[in-house]
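In the part that follows, the structures are each spelled out as structure tokens.
Both complexes below contain chain A, partnered by chain B and then by chain C.
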Partner chain A sequence: MTEKMNDRQGYIGTYEAVCLTSIMMVTKIFYTSIAVIVKIEGTSGWYGTLISCLTSLVMFSFIFLLLKRFPHMDITKIFEAVIGRFAGKILTLLFSAYMIFYAASSIREFIEMIKAYNLPYTPPSILIFGFIAVCAIVAYHGLEGIARVSAIFFVPVIIGVVLILILASPNYDFDYIKPYFGYGLKKTIVTGVLRSSAYDEVVILAFIINSVHGLKICKRAGYSSILISGLTFSTNILCNILAFQYTAGSENLSSLFELSRAIYFNRFVQRLESIFLFAWVVASLVTVSIAFYLAIDIYTKAFRIPGHRPLIFPFSFILFMVALIPENMPEVVQVNIQFIRQYSGFFIYLAPIAILLLAVLFRKRGELHNGKKS
Partner chain B sequence: MAKKVSLLLVFCLGLLINLTGCYDAAEVDDEVYALVLGIDKGINNKVRVTIQYPTYKSSGGGGGESKSGGRMEAKNETQGSIIDTIEAPSILEALDMYGMSTSRRVSLMHMKNIIISEELAKEGVQAYVSPLARYREARGVVNISVARGTAQKFIQENKSNIGESLAKDLELMTVQSDNTSFFPRVTFYDFYNSLLSTYEQGYTAYAGLNELGNLPEDKYAGKAPLMVDNAFKPGEIPRSGVAKREYAGTAVFRDGKMVGSLNSEETRYFMMIVGKFTKGIIDMEDRESPGKVISLNFRPSRKPVVRAYFKKGRPIISIKLEMEADIGAVQSRVNYEDKDQVKKLSTRAEDYLERRAVQVIGKVQQQYNSDIFGFGQKLAGYFPTIQEWEKYDWLSHFKEAGINVKVNVSIRRTGLMLKSARITGYEK
Partner chain C sequence: MAEKNRLKSLFALLTYKKPKNIETFYIPETEEETKRAQEIKGMEHKARGIKKPRLVSEMSKKRERGLEKDRETYRFKYKEKSKDGASKGRSGNSVVDKQVSVNIDENMGLVKKAFNSENNKDIIIREFTVGGQLRAFIAYMDGMVDRTTINDFIIKPLLAKKEYHEGECSLDKVIQQVLQTNQANKITDTEEMIYEILVGNTCLFIEGCNYCISSETKGFEKRSVSTPQTEGVVRGSQEGFTENLRTNVTLVRKIIKNKDLSTEFLKIGARNNNQCAVMYIDGLINPAIVAEVKRRITSLKTDFIAGSGILEQFIEENPWSIIPTIISTERPDKAASHLIEGKAVIIADGTPFALIVPVSLTTMFHTPEDTTLRWQYGTLLRFIRIFAVFIAIFIPGLYVALTNFHREMIPTDLLIAIAKARENVPFPTILEVMLMEVSFELIREAGIRIPGIIGNTIGIIGALILGQAAVQANLVSPVLIIIVAITGLGNFAIPDFSVAFAARIMRLIYIVLGAFLGFYGISLGIVVFTVMLACTKSFGVPMLNYFAPKLRNSNDIIIRRPVWMQELRPDNINPLDITRQPEISRKWVKEPPAENMREDSEEAGEDDRKNE
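Up next, the complex of A and B:
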């Protein structure tokens, strides 16, 4: 039993925890996020996302306070401890459902993009099947395996992105960030706060807290990954505005892909989007694997099921079905992705914060190291 | 154990089928790769689309063989490539319609050039350019030009006259822009961005066919006057040769429509102002020996500094060009290598470039009212928000702008000579 439990959770270090959460957040730059931000905020998008980053730091601080109040407990147990077993279970299952929705929407966004750019005639179901099969194999190896994969691929992914941004630099014109306040400071701040949802993947640390060697590492990993992601988002949005202006910059399906296609030095140094493809596919696979694994893991925690492996197949099936729900690309972008990146924070951040408030209100606390209740 | 291994193998084999991308697989030989896409106004339908693609024959395309080599060339076959034209409601459908006569699917994945006819460009290009921006096979780094006359005729004369590879020839032709600056290298990506831009207007290279009749060879004209101005439009360059197609000058756009052009000489000063001039030899008349030429090889020593501000509500643009030059030739053999003479020559070069740059800006501002220089980028900073900037509508205010140009020229080197010695008896 213990072996099985270890098998599914395992332990991960600070670096792996940072990579795990960062890669999940950073993957958005490969998709429609950049164009959507430029469309809403215009030329101020590059610092608008820093407002999202700051908001996320504040939100994560609240989540951290909750975790600190209940040491040695992951957030699913905290829910049950504060609002009771039934309501806690419901809330936990909502998170599991959200993770499935997140994974399915991410797969679908990936599939729609790969169909638009690379494989236009391949049926989406074939692509989704292949994608989920890989995620299922990764999830089979549990959190430790996923964390190792994230740690291995995070640096190459970031190097790939940086390489694209540097190689595309001849296309940049710094005057394109004018007017400096974009579509207005108010709009930038409001959107910035709302788009903090784009960083809410940091909440996964609250579910795997028992695997990250305690609160200190959780705190360090949370803050670091938010800052790394904020810097990555900001740089990418800035580079895209500098290259495409705020007008064409809001049109691109994948701004980063377009940037990689714009690289041209001479007859021999061009067509470098393969760098993008590598980074894009790896980052997407890891992201969906994490979300998929967490969906199963949260579910098993809700029902106290030992081991996650028997659930991989049924959850793969559910994932496949949910990924096929959106009828078309606009639906994926305007419904699923917009919810995840703009409004999911209301649930992901506010649910734990509400639990924290309730815990404070009803003076509920977890056990201390010596086993005494405070 | 054996069962597990077998299951894993079956699973992996299943994945092999799914993950090889076989649905979208295409053999290289299954497609024809259009290298040039020409767009003309249609007669029976909206648009006339011309493509030029390699023939896949021996010797890098087969067309490398001359007619005298005994092989017949079809009417629409030019060296190493075939040219097909079709009329269709849209460019993308035209590509499909080629499938009714061409045995392979037409792909734009390796397209190098887009040629738009002048007539179409003057009517507006948005309807034809936008679909290409959406189409995955059309790459943003493709070069775009406007052709005098029809794109179809231009492409029919688009021959690789050096080497066998048309693709290489097309790419190197546009690189000539960096060597001479007589025409700009504009990518589809640049042009499309400028169509949507609120900071600037678009421009493309200007191309055309030269019937090779501008070079009088049958009579001796006596002492020819000195004309240092290489102000040519495509089709007008006095030359003979093999290739009829030529690039000379810039097609100027306003609101997506071509409104005029700059000739090859004006294009050089335009390129200096926008910071795209890389190098070029410019001849000036020698004041100390009228009728003779001093050739200076110019290059920018730093990027142009453009400052913009409002003075009593009027936009003022101030441009500073920093250029370096080497003396390429002194016909008069006046000792311009002397440091005082170098200084004088620098001052004259500054005046010359300044005057020309002002003329070009004046022409674009007054005749075309199109900010192809991108001065708007500098003024946008005076507006806090995009709404205010768009409300101001810089592109409609461009004409009112006061523009000052200052040029600094530093002559650095004098070629391989330290001093021009007098040639004995030359003055006689």
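Up next, the complex of A and C:
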């Protein structure tokens, strides 16, 4: 009754898979994402994100079709099977690089915000060092550890967010959601489709498919997490517009933080930033840890390296350096974050879809098991 | 040379190393669960080429040998230089390989040599003749035996024996007709004979027999059963374990009167030859747990295991985990309740504690009182304990973080109160907190060490006087005294002694994190501790299960539902029988009231109607 741990990543259940993907997507509500949507779409942002959610569901369906076509393989192996080992490896490495870029940009966004709000006198390098050290420890424990941490923290984070939204309700004015069509339906739809990139973290399921018990669970986890995130985004954008109107709402660095600061019931129950702070830090740590682990994991898969642990130290170093590249907060938000949440979908969604098309064109498909598809 | 080694180890930190094949234990699913799982998931795991876990017994011997070698290298380097060396380690000299001989002088020499009787005056050898002509002797360890048993039920009947048949070994007849002790075993192996004498039995040797008889004569001094010292309850059993293994096993057996309750005795400690008992309910516990417990205990190669505390450290899965992975209890009823759930209990001779495996974090906050009280009260107690843990771990750290970094989060009135109280204190908050924490720990430690009744008193008086004096001297603020006192109370409310220790260590870490990085630092600490705990296992069971990984609820995790609603045993240990009771355990709620009562009430109703 013993099992070898380094042969595989470990198994995760449906609940853990949903939490893993959802927490990665939902963390954006703590950052500039809400303000950016309100700025672009105006008062229609709260349902504009639902268009992004629907687009993501469609995109994920294509990814799922690809996974279904190659039942025994994760997406890195599928790349190699369809476009050859060399090109497949290059594409896989691009995903690894993207994950590092994603993790580093998230760290930098977080650090800039925490400096602005809470720790103005602490040197950013110390904050980044602490953050990366924790991510390295989490990544050291592998996918099982990360999935468990996500499952444990997902509910408290959501409860924290809901609590802030409810406690801030005295500030809501329902007249603020007018005009209902924002800056126009066309703009809402176009931005909605573009911002589907904000949900593209769902692609991580394609990389960890062997740890999730089967395609059915992968499908269930993917759809559920997109819907959970869509609902969370929509509610948060709506509450932000209701509380601050679309003009002031588009100027907040973190809308949720401003909402938590706006809470006032009496002289004692007021300014509950502490709830926000814990939920925000924990969610960010888990998100970056997942991205960081996946960057290493994808790299090890590309080069068939057994075990991810020896690569944690060098990748931490790379992460630290990439996080320091942007010069200031506006650069992080306007270049890195805008790419991740608005244009990354072109790469994240379209690359697997292109592979699917190629597989269909060249009639490539995975091996069958016992004459049946898995 | 040393510098070269240092360079080498530094270089090793940076270079790639092939990962080691570390094998971890897990509890296999029962057949029923596996079948159900297959029905749900089909054969997809096979299709994706994932290997199913194999039983240890099915592994090839070659592979096992290789792994054993690996284990030896990174576990405990206990080198047995030679067979003689090993024997010496066990008994003190090289007589253990010999067998009991037919020659009585040779046997006596063997016993004398084995126990070094020239210098060791504890070994008593009493010579006499059986039937007036057959030479015999008994050997026992003075102080470990009951002399009355030896005098009245071994020596007296033997001296009274008259018949004797020359040329044959008469020990068989001695067992059947002469010895009046309740247990008597034949022994041919010298090592076994030595062990029997060491544990307090008496060995009888008779001329012409190539074996001896070990009679049960244990009679050493022991403490009587008393109330538990660290796990008191208001409603519930007041019996606690003692230092005696046999008494402890009986205390458990007294509660579980079940024929399937099995007790296996294992030797631990090569030089002190201690004993431990592994208790479990056969047919209920997952056999893998028993096999793993026995494997870990029998594989130990050390000279001295005084009791459960040392044994726990030898068999726990993750020695670096701050939170213990084994529950230690001095309550037989707690041990029994875990046995009924399908867990194993290990009791070592010498300490009044039993070890329970496997466990999860939630079980560490359970006490027997939760079940003996009504469910509402039991649930309330659990919430109080969880709150106590939160206070014991986080409050000083949060206070430091709030006052140093996040003053804007404190309501204005409270902020003014804190600022006023701190006005004359010359130290920074972190120093102030550390000063009081260290003082509190000193009082606690001194309270335990100070002899007799003064110990308890000095704890309270010391804390009061020290706190009052410190405030008057403007060394600490009164707010901090309140925080440290609440923290101390929270720590005492934690039911598990080891978890309370863990809370003390974690508190110090959170104080430092809060002092350097505020809430951000505390959040970092929370994530690190959570991931470490989530990946820690207790005999194959993840410590945070029920939260992650999600498992079937047994209705007794945090909220203790009514006992009649607890239909299932804990799912995390995969017991062979998951059902504790049927869905309707209180059958009387579905049945009509008792017949005679109904008849009485009907008659009473008729009488009333007649009267009307």
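In the analysis below, the second predicted complex is superposed on the first by the 362 of 374 C-alpha atoms of A that agree within 3 Å, B and C clash if a C-alpha of one lies under 4 Å from a C-alpha of the other, contacts with A are read in each partner's own complex, and residues count from 1 in each chain.
Rule of thumb we're sticking to: contacts are C-beta pairs under 8 Å (C-beta built on N, C-alpha and C of every residue); 3 or more make two chains touch, one makes a residue touch a chain.
For clarity, every value in this text was computed on a predicted model and none was experimentally measured.
Asks: For A:Gln245, is the partner it touches chain B (first), chain C (second), both, or none of the two (neither)?
Replies: A:Gln245 contacts chain B only, not chain C.
Asks: Does chain A have more residues touched by chain B or by chain C?
Replies: Comparing chain B with chain C, the partner touching more chain A residues is C.
Asks: After superposition on the shared chain, which partner residues are touched by A:Phe268: those of chain B (first), chain C (second), both, or neither?
Replies: second
Asks: Determine, under the contact definition given at the top, whether A:Glu16 touches first (chain B), second (chain C), both, or neither.
Replies: In the superposed model, A:Glu16 contacts chain C only, not chain B.
Asks: With the two complexes superposed on chain A, say which partner A:Asp175 touches: chain B (first), chain C (second), both, or neither.
Replies: Only chain B is touched by A:Asp175; chain C is not.
Asks: Taking the superposition on A as described, I'd like to know which of chain B and chain C A:Pro124 touches: first, second, both or neither.
Replies: In the superposition, A:Pro124 touches no partner, neither chain B nor chain C.
Asks: Of the residues on chain A, which ones does chain B touch that chain C also touches?
Replies: Comparing the two interfaces on chain A, one with chain B and one with chain C, the shared residues are 118-119, 122, 126, 130, 267, 270-271.
Asks: In the complex, go through chain A and note every residue touching chain B.
Replies: By the definition above, chain A touches chain B via 42-43, 116-123, 126, 129-130, 133, 171, 173, 175-176, 178-184, 244-248, 251, 258, 261-264, 266-267, 270-271.
Asks: Which bits of chain B are touching chain A when the two form their complex?
Replies: 11, 15, 18-19, 21, 23-24, 133, 136, 139-141, 168, 171-172, 175, 187, 189, 192-193, 196-199, 374, 377-378, 380-381, 383-389
Asks: For the complex, which residues does chain A have touching chain C?
Replies: 1-8, 12-13, 15-16, 71-72, 114, 118-119, 122, 126-127, 130-131, 134, 137-138, 141-142, 144-153, 209-210, 213-216, 267-268, 270-274, 277-278, 281-282, 285-286, 306-307, 309-310, 313, 369-370, 374
Asks: Can you check the complex and tell me which residues of chain C touch chain A?
Replies: It comes out as residues 13-14, 16-28, 41-51, 53, 55-56, 288, 291-292, 405-406, 408-409, 411-414, 517-521, 523-524, 526-528, 530-532, 534-535, 540, 542, 544, 547-550.
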